[in-house]
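After this come two complexes, each holding chain A, first together with chain B and then together with chain C.
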Partner chain A sequence: MTATPSSSEERKPIDMLTAVRFTVSFGLALVLAVFGLALRNLAVAALSLCPLFYSMTLLLSYLALPHHEIEARRGVDRSRAAEGEPIGVQVSLATQKGSYPMVFVHDELPDGLSCASGDVHYQGPLSLSQPRATLQYTLEGRRGLYDLGGIHALVWSRFGLALTELTVQSPVTLRVLPASEQLGVIPIRPRRTRAFAGPIRSNLPGVGIDFYGCRAFAPGDDIRRIDWRAYARTEELVICEYEQERITDVSLILDARSRAHAAIGSHRTFEFAAQATASLASSFCRQGNNVGLLIYGDVLNWVFPGVGRSQIDRIHDALSTARLANKLAFEDLRHIPTRLFLPHSQLVLVSCHLDEADIETLALLRMKGYSILFVSIDTIPLESDQLPPSGDTALAVRIARLRRSLYLQSLERYGVQVIDWNPTVPLAQAIERARRMHRRMRP
Partner chain B sequence: MRCVAALLIVVGLGTLTLEAARQHDIGIAVVAASLVVAWLAAVAWRAPRVLHTVALTLATSLCAVSATMHVSVAVVILCLSASLSAWDLCLMERSTSPHPHHATYRLHRRYILRNLAVLALAGVVTAAVFGLRFSIPFWGAFGLLCLCSFLFVFVFRRAWLLMRPQPEPKEERAAEPPA
Partner chain C sequence: MRTQRRRFLYGAAFALVTTGVAVGLFYRYADAIRTHVVRPAIETYYVVLYYVDLVPQLFWWLIPPAIVSLVLLRRFSRPSTSDTEPQASRSSPIRPGEGELTHLVRLVRRAHHSRFARVRLSRTLVEVAARLVAGREGVPLATARKMMIDGYWRTSRSVHHFLTPRRHYTARLRSAEFREALQETLDQLEGHDRNA
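Up next, the complex of A and B:
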């Protein structure tokens, strides 16, 4: 991707600084000259020559500053990248009319982006005879949407002390997506599935892998499905049925309420939640499900359900700009707009906050017929790492763990499926553990 | 840049302090020593530009007073040149400080060399004028004063008009369509 070349330049306050330097030195020269001549003291008057010489050099070098247009072309090898993936940037600079004896170019990066390799600075001449000056570097950044805007150039005159600063615009927009990991099959059991084949067990008899039940043979049944051993025992024709596997509607809910997240040392729990949501969205979409996303906390940020690769991109784009918000209207989970979700569909809530009101809301949603998977981010290990080891800390950690396990058990009693994720280990590991527990608890 | 500025302050005003102390001008020595300390503190704490300008004004006044008190001409010129150079470096250092040090190293080195060269040349010119040693009558001095003032004002107005940032032209609003 290449930005259109631009040569629009803006004068910077450094010109004002040159004017200030000239004014002060010239003023001092005037004062010394007037003072010396008034006293008829030539020694004092002659002292004015020093600042006068300096100010005149400044003025002449300012007049000698070239004012040609600088053309900048910024190209990036990709405009979307996940966190930790490098983005290659190339900036080429050229001048069309004249030459600059010395320029200092600095491609300013917005907060959140950093230069992983290469250099964002260039020092040297910029002339018509030479090929374009280029800056090559790779960027890495935190999740977000970034506008790479102005390229700052400090321009020097051929001699003297004056310099001026230009800003050359070459806009490029970069989107850093949350890092996502490859997940296995996620154990969900929605009450309603779609008609197409998929990985979700639908609680309906038909073609599948998992055994569902047996029934008496009826005309029209496939004879390959007759259980001949049962026939040998009972002399009755019995058909073995298997559970159908279908795709389903999954609505992901990312909890973006300020009170639900915290900054623990260098970690932001919201970033973990965004990464988990991105991983889950990718996994559900790759399995062929119809996936939507609600970012709950700010405005009603809803990604309409869809399927396929483009839906993964849409969800990741929405997650890249997701931010925490403190809105009174979304303070409690009970204001979740359920009309956005299909009846009896699967809801997946990602949060690291849990209290009695949230448990009550999830229980109500469960009673309405939704199947709920709650991905709970366990922040206690991160928090305990930040505290000094002592008896009080150990007691506080124990109390927090007990409270948390009590809340999670309450949710499980209401039929909410829980994935307890410690963000210091991969999410896939937590899902695998939940899947094993789920298998064990199956009748 | 700040280190070089601090060094220039110490060398320029320090030499003036020592010379004044040697000639038993305790007042000048004390003021110069105080100014060294204050200015170094301003450099160390990256004080606003206005404080550096005030320090330069004080240093220049001190040089003028020292010249009237017959302190060594060479020391006064050295002090004035060094103060002017240090002030310039302090101002320019603040303009390039947002950039990382490794990137601005060559730029700073280039600027420091030019700054020192210009002010050394200014010092040499001033010293050469001092060497002329001629006297001037009252009306001659008055006429020169008027001429200097006129020239200063004329040059300053032209230079200021040239250097000041041009205001951005306002975008003309398109005529609204008739209702």
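Up next, the complex of A and C:
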């Protein structure tokens, strides 16, 4: 992607350094000359010659500074990248009329983006005869939306006495998406599925893999599905049925309440939640499900449900700009707008926080007929690493673990599926463990 | 941009012309300038110097009030913490940006010397125990809480003190026996959680 070539320039309120130097040196020369003449002292008057010479040279250097236009073209190899993925940037600079004897160019990066390799500075001449000067570097950044704006250029005169600063505009917008990982099949069991084939077991008889039940043969049934062994035993025609596998509606809810997240050392738990949501969204969409996203905590931030690759992009875009919010109206989960979700559909909540009120709300949602998958981010290992080891810390860790374990057990008793994710290990591992537990608990 | 450059050049030209005029005037009217400009300027300088000598005497009248004014100005012009920090939650005692474990560590640390913190820690453990009892006995959480109030856990004195939600029980614990009581209570609860 290439930004529109934009020619210079916003000149800074004039080249302050040159103006100040001229004023000081000329003022000094003037004072010395006046005093020398007033006192009729030639030696004092002669002292003014040096600063006068300096100020005149400065003035001439400034007048001789080239004031041609600088053209900048900033190109990026991609405008959307996940966290940790490098974005290649190339900035080429050229003049259309004259030449600059010495230019120092600095491409200013916004907070959150950093230069992974290459150099964001250029120092050297810029002339018509030589090909364009280029800056080549790669960027890496935190999740977010960034505007790369002006490129700053300092231009020196030939002897380096006068200088001027230019800002060349070449706007480019970059979007850094949350890092997502490849997940396997996620064990969900919604009460309602859609009509199309997919990976979710629908609790309906038909064509599938898992055994569902047997019934008496009815005219029109496929004879290949007759259980001949049962017929040999009972002399009655019996049909074996399998469970249909369909796609379903999945609503992802990212908990963006500021009270639900913490800053632990250099980690932000909200970043883990955003990454988990991105991974889940990609996985559900790839399986063909109809996936929507609600970022709960601020004003209604809702990605309408959809399918396919473009829906993954829409959800990732929304996640890239998701921010924590501190709104009293959304302080607990009671105000989740359930009208946005289809009845009896699958809800997936991603959060680090769990308290009595949240458990009650999830139980109520479960009673309304929603199937709920709760991805609970376990921050205790991260926090305990940050805290100084002591007897008090050990006791607090025991209390926190006990409380968390009981809360999760309560949720499971209400029929909420829980994925307990320690963010120091991949999410896929936690899902695999939950799937194994789920399989073991199935009758 | 061009206007700024032009202004700079005009300024420089004005300074040069002024210098030229000043030099010309000095050559033409040297005596008059000496009498009416330079000498009064030097006299004025000495007069000002005389009054400036008073400044050290004024020191005690100027500097301390200036310091006090500066301190007061900084104090009252500082923005309130509620303007700069995120708002604390109404229902959660955890500070914004702080994890639950950090809050618990602070509570345990304070509980060594603060009865109030000890009571709060006891309440936290009572909630945990009530949830454990509700799961194990298959009763609603409200019933389990009532059972805790009635003194459900009586295996030992310290555990009974910790897990019975009565303020005076926990407050009566001395700091020295607090840690042992807490450890014993946690052992009990963890044991029950494992068995359940």
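The rule is simple: the second predicted complex is superposed on the first by the 414 of 443 C-alpha atoms of A that agree within 3 Å, B and C clash if a C-alpha of one lies under 4 Å from a C-alpha of the other, contacts with A are read in each partner's own complex, and residues count from 1 in each chain.
Everything that follows uses one rule, which is that a contact is a pair of C-beta atoms (placed from the backbone, for glycine too) under 8 Å apart; a residue touches a chain by one contact, two chains touch by 3 or more.
As the structure is a prediction and not an experimental result, all values here were calculated from the model.
Once the two complexes are overlaid on the shared chain, A:Ala357 sits against chain C while remaining clear of chain B.
Residue contacts after overlaying the shared chain place A:Thr338 against neither chain B nor chain C. Using the contact criterion defined above for the overlaid structures, shared-chain residue A:Phe104 touches chain B, although it does not reach chain C. Within the superposed three-chain model, A:Leu49 lies in touch with chain B and out of touch with chain C [touch as defined at top].
Of the two partner chains placed by superposition, only chain C is touched by A:Leu395; chain B is not.
Applying the stated contact rule after C-alpha superposition, one finds that A:Phe26 touches each of chain B and chain C.
Of the two partner chains placed around the shared chain by superposition, chain B is the only one that A:Asp119 touches, whereas chain C remains out of contact.
Of the two partner chains placed around the shared chain by superposition, chain B and chain C are both touched by A:Leu37. Of the two partner chains, chain C is the only one touched by A:Ser410; chain B is not. Residues 11, 13-14, 19, 22, 26, 30, 33-34, 37-38, 40, 59, 62-63 of chain A touch chain B in one complex and chain C in the other. Those residues of chain A that touch chain C in the complex are listed here as 9-11, 13-14, 19, 22, 26, 30, 33-34, 37-38, 40, 59, 62-63, 67, 258-259, 261-264, 269, 326, 328, 331-332, 353, 355-357, 379-380, 382-384, 387, 391-393, 395-400, 402-403, 405-407, 409-410, 413. Listing the residues of chain C that touch chain A in their complex gives 1, 4-5, 7-9, 12, 15, 19, 22-23, 26-27, 30, 33-34, 38, 86-87, 89-92, 94, 96-102, 104-105, 107-109, 112, 124-125, 127-128, 131-132, 134-135, 179, 182-183, 186, 189-190, 193.
Those residues of chain B lying in contact with chain A across their complex are 49, 53, 56-57, 60, 63-64, 67-68, 73, 76-77, 80-81, 84, 87-88, 91-92, 95-96, 99-100, 103-104, 106-107, 110-111, 114-115, 118-119, 121-123, 125-126, 129-130, 134-136, 138, 141-142, 144-145, 148-149, 152, 155-156, 159-160, 162-166. Every residue of chain A that touches chain B in the complex is listed here, in rising order: 11, 13-26, 28-44, 46-47, 49-51, 53-54, 57, 59, 62-63, 102, 104, 106, 119, 121, 123, 154, 156, 159-161, 163.
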